[in-house]
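Two complexes follow with chain A in common, the first pairing it with chain B and the second with chain C.
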Partner chain A sequence: MTKTDKSERRFTNIIFISGLSIIVLLLAIFSTLLIASIPSIKTFGIGFFISKHWDPSLEKFGALPFLYGTLITSIIALFISIPFSISISIFLGEFFREGFISNFLRSSTEVLAGIPSVIYGLWGLFLLMPITRFIQTSLGTTPYGVGIFTASLILAIMIIPFSASIGREVISLIPADLKEAAYSLGATRFEVIKNIIIPYARSGIIAGILLAFGRAIGETMAVTMLIGNSNFLPKSIFSPANTMASVIANEFAESTGITASSLIYIGLVLFLVTMFVNIAGTYIIKKISLEASKEVT
Partner chain B sequence: MFKWLKVLSFFVCILIVGFSGLNVYAAEGELIGAGATFPQPLYSKMFDIYFQQHKIKINYQGIGSGGGINQLIKKTVDFVGTDAFMTEKELKDAGAPVLHIPTCLGAVVITYNLPGNPKLKLTPDVIAHIFLGNIKKWNDPKIAGINKDVKLPDLSITVVRRADGSGTTYIFSEYLSKVSSAWKEKMGTGKSLNWPEGFIGQKGNPGVAGYIKQTPGAVGYVELLYALQNQMAFASIKNKAGNFIEPTPKTVSNAAKVKIPDDTNVSLTDTSAKDGYPISGFTWLIFYKEQNYAGRSKQRAESLAKMLMWVVTDGQKYVEPLQYSPLPKEASTAAQKIIKSMTYNGKPILN
Partner chain C sequence: MNTAENIAENIEDTNMHKIIPFPSPLRIHEDKTLRNNSPVGYRIFKDKLFKCLVIILSILSFLPLLLVLFHITKNGISVINWGFLTELPLPIGEKGGGVFNSIIGSLILIILSSIISIPLGISAGIYLAEKNKGRIANIINLCIVVLQGTPSIVIGIITYIWVVAPLGGFSALSGGIALSIMMLPVIIKSTEETLKLIPYHLKEASLALGVPYYKTILKVILPTGLSGILTGILLSVARITGETAPLLFTAFGNQFLNYNILKPIDSLPYRIFYYAMSPYPEWHTFAWGASFILVMIVLSFNLIARGISAKWKVQF
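Moving on, here comes the complex of A and B:
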């Protein structure tokens, strides 16, 4: 064996082990969650997801309010964010690809993506909460200021940079000849966007949206500060509610025994939900990119 | 193949170390504590001064009482701070006798956001019904009846409670369980409770305080320290003797002017002291009575005992400047007696 052979071998080994350690890590997280949640799984079983009572004093736990709260806030946030993120992607990827405005806007979205979530939470407390309270007072509902609406709003703002930057990336990669061909056939700019850019970039845009959805599901701090942390199924969009990530962050430090185990059970569910969203996302992207390539070419 | 194994075993080692957690004691001459967050600013100050005077480094991590007690049971720390006396079950889990010494007092105050921030007076019954969700308006006759000199607005009450499990909630609910049978039946005592629908939960004292400051008509409970530091309005509360007591570090200390049992396991809520604020409580440091465990040296045990002794005696002068409430003399004496009962191999550590 020569010296190069050896170093080649060593390199391959390192790469292989690094790759392997990711899988080990994933399994380690999953099994730790599973083992620690066994007492709770044994006590509450599958009814954990159907029961809507979370009662730490009687040690009766059901996670439906949290599951519901996580999904509803993330979905509302997604719907609020989609028009904005697509517009920003098109604006940056097609209209202003270079120049001062583009650079400024692009770095602004990047900075937004990097702001710690506790700062979003604080900002929400000082700005969004009074706005929500004003809306609630004008509608005649109880002016809590916090709740699903406020939390979804802050989540939407937090996830826009994610979907927008991926969208922009994909849109700017569209081959120029495709667009030029469309223009030469007499297409207007809107028609080019509608018939060429969006179909071509669809998988990328959706990938960005799903990534953003994943982030919204797991978001903790900003949501905790703005959702009102009420362990009940919300009655309206303005009701205080709670999410899976938020209840774990709140209660875990002082919990013991079955309470801690139930919180970890919620963590396990959160883990599985995020994994499911990711797998579904990859599947959708694969399917759509196949279709899109057929459509455009 | 051999190389491959070597690399793999290296990774396995890293994983094992990573997962097993840090079970190693810090260097000799450094004491480690963990637990309650409420007294953390005080302990930081005290331990800083203690280091300057005695060259013993003390590291205290505010991870919450529950986490602290777990650490003590796992024998990874020298002492633990807690806001509640250990429960029967926790004492059993500890395996060996655990001693408690009070270090200072804390109090929970009812704070609110009303136009002009008037000083309110509240009775135990009214507090219970506000926090059960039965009194819904600020101008309710029950509140107005005891605050005749204050013009109360026609404003909905928004109740804010702690979303995280906390010693603050424990003391507050323990007090209400003592003074209201309706509360005892419906809510009970605990670090986290099954609150009625429509209450807002916020994380930590800062979360509750922040929400109240932002929301007209909001009412909640926070540590006295927090209310003082944030200049929030808080209520005087009628105590067992029938006096309306405004919470101050002094009136909170007064709450401990009752008979202190030998193990200092006494609940000061609804105190019988006539000028004591009724929602007060000790915060404790806890440690094993027999100090020779997990391979600890005698020197280590000695420096722990000396440090604890300092905290309940000379260290007490640092309590009040930080707006905590110092131990009254009786409590300090009881604590000293407990520290003197610490042993190493069955022999007393301090003489």
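Moving on, here comes the complex of A and C:
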């Protein structure tokens, strides 16, 4: 075996091992979470997600308030963001496909999507909180300022650029001959969008929403700063609550024993849910782009 | 093709036969009062209305993003001065002080995580670009998707269990490891995509000259795709510079200047979080100042990455 052959083999081995290490990393993450949460799984079992009492001093743990808080903030955020993100994707994918406006808006959304979440949290703390407080005083409820509503607002603002960029990509994949056929029949642009673009891009838009949902449930800092950190089941849309991510952020550093294990159990659930959502969303988008590339050729 | 038939039916429904093929100017003038009631006019009206709605909603959704930038600049720029950049934080009540330790801490964390993730990320990217048909490559791709979507707080927990607990305390090293896990997927993906764009004849030419395979990759393919790889690295650095959640229980934060990577270290996003959640108005203004610095750093990383990819784009 010559020297070159040895180097050759070494190189192939190195790239193979580093590729493999990604799989090992993910498996290690999963198994670590699973092993560390076993004490909590054994003690509380499935009832962990039904019980609504989270009390570290009595060592009784139930994750229902956090599950509920996560779902409700993410769903409200999605509902707020959907009309906006769909209109941006139509705006950039159909009305202004090229040219200065489109380029400017596209790159500014991408750059603004890079603003760290702690800064959105700070902004929300000093600008959204007074607004919520004003709404609450005019409604006559206790003016907490922080709570589910404020957290959902900031989440919606944060996920709009993300789902809009996916929507834009999917809309620009639609074959031009379909649209042109409709135009040649005398359809207006609105009718083309309603009858061609939306039905054709539906699954892609849904995938974008799914991925945005995955983002929203995992989002930690901005939500932690704005949700009010209450471990009780929230009573109204304005009351303070906690999400799965925010309870970990707040309590993990000081916790030991069964408390830490319960928090890791929450982390495991968070990991599995985002994993499922991301795989499903990516799979749908990959399928769409494959179909689109087939139709072009 | 179903959709095209559908639309034809829909248009028939909306009284297609009433469209006048070649209306004379006179005719239009006559009909002017009737036009808004006619189906075609209504359809055009709906079209215009929809366009307005889309434009208004799009502009509305840009508003908060621009407002964030505006407020950070407005509130942040007045705090920034030489002392803010070069002094350590002072206890509450004393005037002055700065965030020097956080800037240095963020820098150390970025360097640490880059050292760990860049070599691993690039070589895994090469593997995916070269052997992209196999089953293992598919599994790796799936893992990257999952890793990219993993909430940052979960990565914080993992690093706590893996590094902080065995070492017996919070440390800069653990923060660097947490951030490097977040950098990996971005670097791998950008390396893979860049290398796949490089035409095959470049590789064939090199191999035909008798250059061994590994030298072809390292000396021909990799330098050609350098700009794309560099862009990916810069984007991933921009992503982790603002990450707070994985640092909460790894690098933790430190009021003092620290160069020891086995001790807790401060970082800009952590300092912003700490100051923002404090009850003191002086610290709130400090949070705005630190935010301004952080946004400037993140945006300049993004812009440099864009500049690199625009200027040295792989073109053939």
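In this section, the second predicted complex is superposed on the first by the 253 of 297 C-alpha atoms of A that agree within 3 Å, B and C clash if a C-alpha of one lies under 4 Å from a C-alpha of the other, contacts with A are read in each partner's own complex, and residues count from 1 in each chain.
Going forward, a residue touches a chain if its C-beta (ideal position, glycine included) is under 8 Å from a C-beta of that chain, and two chains touch if they have at least 3 such contacts.
If you're wondering where the values come from, they're calculated on a predicted model, not measured in any experiment.
Model built by superposing both complexes on chain A: chain B and chain C clash.
After overlaying the two complexes on the shared chain, residue contacts for A:Met225 are found with chain B and with chain C alike. Legend: residue contacts after superposition of the two complexes on their common chain; A:Pro56 is shown touching chain B, with no touch to chain C. When the two structures are aligned on the shared chain, A:Ala249 is found in touch with chain B and with chain C.
More residues of chain A lie in touch with C than with the remaining chain of the pair chain B and chain C. In the superposed pair of complexes, A:Phe48 makes contact with neither chain B nor chain C.
In the superposed model, A:Leu125 makes contact with both chain B and chain C. When the two structures are aligned on the shared chain, A:Leu185 is found in touch with chain C, with no touch to chain B.
By the touch criterion defined above, A:Pro240 lies against chain B but remains apart from chain C after alignment on the C-alpha atoms of chain A. Within the superposed three-chain model, A:Ile14 lies in touch with chain B and with chain C [touch as defined at top]. When the shared chain is aligned, chain C comes close enough to touch A:Leu33, but chain B does not. Among 203-211, 257-265 or 311-319, the region of chain B with C-alpha atoms clashing against chain C is 203-211. On chain A, the patch touched by chain B and the patch touched by chain C overlap at residues 10, 14, 21, 32, 125-126, 225, 249, 253. The part of chain B that touches chain A in the complex is made up of residues 3-4, 7-8, 11, 15, 19, 63-67, 70, 156, 158, 163-166, 187-188, 190-195, 197-203, 207, 210-211, 214-215. Residues of chain A touching chain C in their complex: 4, 7-8, 10-12, 14-16, 18-23, 25-26, 29, 32-33, 36, 83-85, 87-88, 90-91, 95, 105, 107-112, 114-123, 125-127, 157, 160-161, 164, 178, 181-182, 185-193, 195-196, 199-200, 211, 214-215, 217-221, 225, 245, 248-249, 252-253, 263-264, 267, 270-271, 274-275, 277-279, 282. Of all residues in chain A, only 9-10, 13-14, 17, 21, 24, 28, 32, 54-58, 125-126, 129-130, 133, 142-146, 224-225, 228-232, 240, 242, 246, 249-251, 253-256 touch chain B in the complex they form. On chain C, the positions that touch chain A within their shared complex are 3-4, 6-8, 10-11, 16, 19, 43-44, 46-47, 49-51, 53-55, 57-58, 60-62, 64-65, 67-69, 71-72, 119-120, 123-124, 126-128, 130-131, 136-137, 139-140, 142-158, 160-162, 181, 184, 188, 212-214, 217-218, 238-239, 241-245, 248-249, 252, 269, 272-273, 276-277, 284, 287-288, 291, 294-295, 298-299, 302-303, 306.
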